[in-house]
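Each of the next two complexes has chain A plus one other chain: chain B in the first, chain C in the second.
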Partner chain A sequence: MTGPTASNDPREVVLALKRVSTSLRVGGRLRPVVIDVDLEVGAGEIVGLVGESGSGKSMTARTIADALPPDAAVSGEVLLHGENLLAMNRRRRREVQPSIGMIFQDPRAFIDPLWRVEDHLTEGLRVHRGLSRTEARARAIELLNTVGIDQPERRIHQYPGEMSGGMLQRVMIAGALSVEPAVLLADEATTALDVTTQAGIVRLLDRLRRERGLAVLFITHDLALANAICDRVCVMYAGRIVEVRGGKRIFDDPRHPYTMGLLAARPKVDSRSQRLPVIQGTPINAMDAPQGCPFHPRCPYVLPECLPQVPPMIPVEGGAARCVRAEEGAARLSASSHVGEQTDVALAVSEEGSECS
Partner chain B sequence: MTTTNSGLDVLLEPAEDVRHKRYGSRLLRALPKVVVGVSIVVLVAIVLCAIFAPLLAPYSPNAPDLLNPYAAPSAAHLFGQDSAGRDILSRLLFGARLSLLGPTIVILIAFAVGVPLGFAAAYSGGWADIAISRVFDLIFAFPALLLAIVIVATFGTSFYSAVFAVTVTYIPLMGRVVRSACLVERQKPYVEACRLQGYGSWRILLLHVAPNIGRILVSQTTLYFAYALLDLAALSFLGLGAQPPQIDWGSMLENANQGVFQSATGVIFPAVAIILLVVPLNFVADWILEYNRGRGEFR
Partner chain C sequence: MLLEVKNLSKTFQLRSGFLGRATPLQAVSDVSFAVHPHGSVAIVGETGSGKSTVARMIVGLETPTTGEICIDGRQLSVKPNLKQRRERARQMQMVFQNPFLSLDARQPVGKAIAEVIAHHGTVEKSKIDARVAELLDAVGLAERLGMSRPRQLSGGQCQRAAIARALAAEPEMLVLDEPVSALDVSTQAQILNLLADLRDQFGVGVLMISHDLALVRHISDDVVVMHRGRVVEAGTVQDVLDSPREAYTQQLLAAIPERLSLSGANN
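Entry: the complex of A and B
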């Protein structure tokens, strides 16, 4: 069993995706939803996956967790502790499944409404670990303590309908942790919660990865949130990762025009005068991506080089960006821009950057 | 139906005072509960009548009194007498036994066969689903009563061949309900979450999906019990079900039908008995579906 023996060495790569592409069958044709995604999550690391709806972030998680429709086509490698999940036989794949925990946006829908919290939490322990009812109950109470639920002895007797959304999210996390997965995929796990509850869940995830060496793939559309808790943030657009940056760099010094646009489009407390800047055009799915850089129709800094082919990932400080002008940075880009009205977008970004640092 | 309306109101959940205004009185709002309560009391009473018929019946149900055919209700014969002068009340009480036994057998067998088939169809998908569903369709394509008549004609007229015939038509009914409920249920996120936790499909089916569709299943089964009772009564009315000296309400209707112009009591009382069983069953079936709605989801 490769799963639960994760050490706390931050450099140990638990989960790695190599050139993973996923296509779904839509109306008899294969349509790409994830294209050439490379990703690494180390033990004790939180990696953010950020993008709009349809950008492929959830599909990436589903590819890892084997939660795709049966007729989906996947290529590339998904490595868990170096072992390719996609090349495994069914039996081995089932054995490995408990090593991958997944939590979702809406815990109420993802927990059987007729099962009491205790039964929900102990099911995995009894199925996968062969614990007795009493042992499993003790573990369940421990788990509820771990995820910060008061009076666990009382709570385990409750039904999901008797708990609040934030508390259920903690229960779902406890359930995912019960079998000690090596990787936790958090698919918009905090999106449906109010800000205070969200902060609590985020702190919990942060504590878990530090204490348990859990590798977390944190999927969200909230760039600021991702930036706040992630060691690295990957921005996805049209099925591809367009920028990967470590630390706070994605916030301070974005190198892909799409990331810049996302940052500029956030509401700011201090400037209430003008309308929120928006990225021109509408977000697209991978299947509708044009030739060349998928972002070029919406990009204010587009060059002729952007059109013939998808740009490679160009290494920049602390990461890489899929843009031919990745080395230039927001300030220089906006200075060189020939689309006048877009300039303030980039400026807003650079202002933002200086504020934060 | 009253109970359905109350269920909808819970869903829409207007503020308490608004509800007061709209319905005027507490009495009206309590009505669904009263209806269900009365329904249950009636059903229990009928079952008790069937069980204790020998103690309750004032006469032997088959004892003729040929001097008093079609006698009107009197102090000696509360519900009157039929074409052979037999006591209608006694026959009703004894008739309750077969009238209840028939649908009970039908439902037990249809449940035992139809439910696993429905689960199998929904869960296997592919060719097994197609095979099972087409066989169901085939049975559906035949008018139920006609199919029953064919079966009875083949196996000879008796109470049990009528029961068998009705059972055959109820297996696909049960199967289909289970199949569609199961298909809906397994699309739900929590089932997916279970799969992602690596639980086997049998475990998910038996411990997660089955309990969650249980409410629909119990409600439908209750309803089908009432339908099966009606179908069996219809077969008996046609002379294809219970044979003398067996008595059920359907055969009582058939017997009284010929003399309906001499005395209507022989028709009215069995008909009322059937209604008293079928209508409360409908209310109870509705209530099962509504009452448990809160569990888990809204509680």
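Entry: the complex of A and C
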């Protein structure tokens, strides 16, 4: 369901999710957070996973990385080089774990402030690769070079507190690369950084996927950023993928009303608009999703057929969209909308909105 | 002029280690700009540019090392007494990035708004409840949500409550520090439209601190670009964003995602 890849060469699929659903135990009951997610990342590809809070994008990453709470329930298949991570025994799972690297939004929350950069980078090498201290240090210096840190011989002795956020994120990437993963999960990895620093990290990820064939799953709330660096972008809403598009199509010709709304709601840097078109209401979690299309209470283009069941992914140019009107495109949709009827429904929903991030 | 800032500088004394010798850090050097009545100015810059320190000095959370801050042509005292501090708080209110942190988690948001009204005595005691309802309505919150504590609200609703609290003092100026960057994209647009409406309705001047140039284009008339504590470029939003003169401003504009170009992506 991921649709055709952006380029024509069929790259080796490194990571594949097939009908993955994840539920968490909330108040004694299992509640869905990720529903039926299908997704593929090839060697050397960057695939974007875009959504707002509660969309399930981080839970998808945590499902892949085996970083869910112990009482979570997962179904479907998470395939790494064709091998299902969910069906492995504990020992095999630990063996393949180093193949999946992960970086996060706030490196300071994940790095021990009392560990020097060297300690952080050499731990994995010594545990997983069995290198000696001297070998591991030489390798760590090499890694710091790779991620573009100047004077690695000096930096390796520093503590996290002595480094800037951007530099620390580079150290985290070096740490993830130290055990030569096949997949890198980047969960809002540039969100806390300045734009110029963000551009540097994004260029680094782009270089790593080209030079090392790293498969990158790039998770962000920023559709423009995903569009700039990803070969393919998946938009998530209420736990489901609602649109997958290759190339710049998600930006130039979105087919799901939610994607259209997200794009329109962002102020533009090139021109000033008097009023921003808003998506009424607030984003919802999978567990609060209504029957039918999860977006229908906020959708300006809702039809009676949106209500009975969740629409299937409908193929469109360069991908697919989970909308019964996916073939119409933004121009035809807005020409046909009955905005007046919709706002009352949507406003009622925004009043009830009580989602917390 | 509503707000005039002249040659503002701030030096922090940083101590390294216990009893270590203080080393001076010049966070802000020689910053000057002005906000017209009903005007809207943005200060943009990255981490460490000094933009937040400027805002904090203006609202009185930091003391300037040198320089002047004038409101309505009157210079603010460097060491204000209680009466002067109250007066400044009435004239200027600040809205912070994260409303869950800037509002008291244990206090219903309506109470927080009522407290500000009572403190500044802007309406009679008997009319406070009615005024709270009026302010909640102005920011698009149902009156019953005044009973909610911050955690019972969504991020957008909570930021609306924080804006209502700022307006409760009937300020002439709002200082907004990254007002929407903690919110979801679809919620951001709602808050930005609200701020535009409130500017028309209440006639307040706005000073916004942001790193987001698209947001600056949308909200502000003038922009001050700061880098390493100094103003590198200032002018109308149109001039600065459409034809930036300084290399640093050009670099900032080139790094925003919409303009980012990578060699490897997308075919």
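In this text, the second predicted complex is superposed on the first by the 326 of 357 C-alpha atoms of A that agree within 3 Å, B and C clash if a C-alpha of one lies under 4 Å from a C-alpha of the other, contacts with A are read in each partner's own complex, and residues count from 1 in each chain.
What we mean here is this: a residue touches a chain if its C-beta (ideal position, glycine included) is under 8 Å from a C-beta of that chain, and two chains touch if they have at least 3 such contacts.
Keep in mind that what you see is a predicted model, and the values were worked out from it rather than measured.
Asks: Should the pairing of chain B and chain C on chain A count as a clash or a fit in the superposition?
Replies: Partners fit side by side after overlay.
Asks: Tell me which partner A:Pro257 touches in the superposition: chain B (first), chain C (second), both or neither.
Replies: A:Pro257 sits against neither chain B nor chain C.
Asks: Looking at the overlay, what does A:Ala65 touch: chain B (first), chain C (second), both, or neither?
Replies: Only chain B is touched by A:Ala65; chain C is not.
Asks: Identify which of chain B and chain C touches the larger number of residues of chain A.
Replies: C
Asks: Which holds for A:Val127: it touches chain B only (first), chain C only (second), both, or neither?
Replies: A:Val127 contacts chain B only, not chain C.
Asks: For A:Ala109, decide between first (touching chain B), second (touching chain C), both and neither.
Replies: first
Asks: Mind working out whether A:Glu52 is in touch with chain B, chain C, both or neither, as first, second, both or neither?
Replies: second
Asks: Determine, under the contact definition given at the top, whether A:Pro311 touches first (chain B), second (chain C), both, or neither.
Replies: After superposition on chain A, A:Pro311 lies in contact with neither partner.
Asks: Contact-wise, after the overlay, does A:Arg94 reach chain B, chain C, both or neither (first, second, both, neither)?
Replies: first
Asks: Once the two structures sit on chain A together, report how near the CA atoms of chain B get to those of chain C, whole Å.
Replies: Between chain B and chain C, the shortest C-alpha distance works out to 6 Å.
Asks: Output the chain A positions appearing in both contact lists, the one against chain B and the one against chain C.
Replies: Touching chain B in the first complex and chain C in the second, no residue of chain A appears in both lists.
Asks: For chain A, which residues count as touching chain C in their complex?
Replies: 6-7, 46, 52-53, 164-165, 194-199, 202-203, 206-207, 209-210, 221-225, 227-231, 247-248, 261-262, 265-279, 282-283, 351, 353-357
Asks: Which stretch or stretches of chain C touch chain A in the complex?
Replies: 46-47, 142, 151-157, 182, 184-190, 192-193, 196, 211, 213-215, 217-218, 237, 241, 251-267
Asks: Help me check something: in the complex, which residues belonging to chain A touch chain B?
Replies: My answer: residues 65-67, 94, 97-98, 100, 102, 104, 106, 109-115, 123-124, 127-128, 159-162, 175, 179.
Asks: If you look only at chain B, which of its residues touch chain A in the complex?
Replies: 188-190, 192-200, 203, 208, 211-212, 294-299
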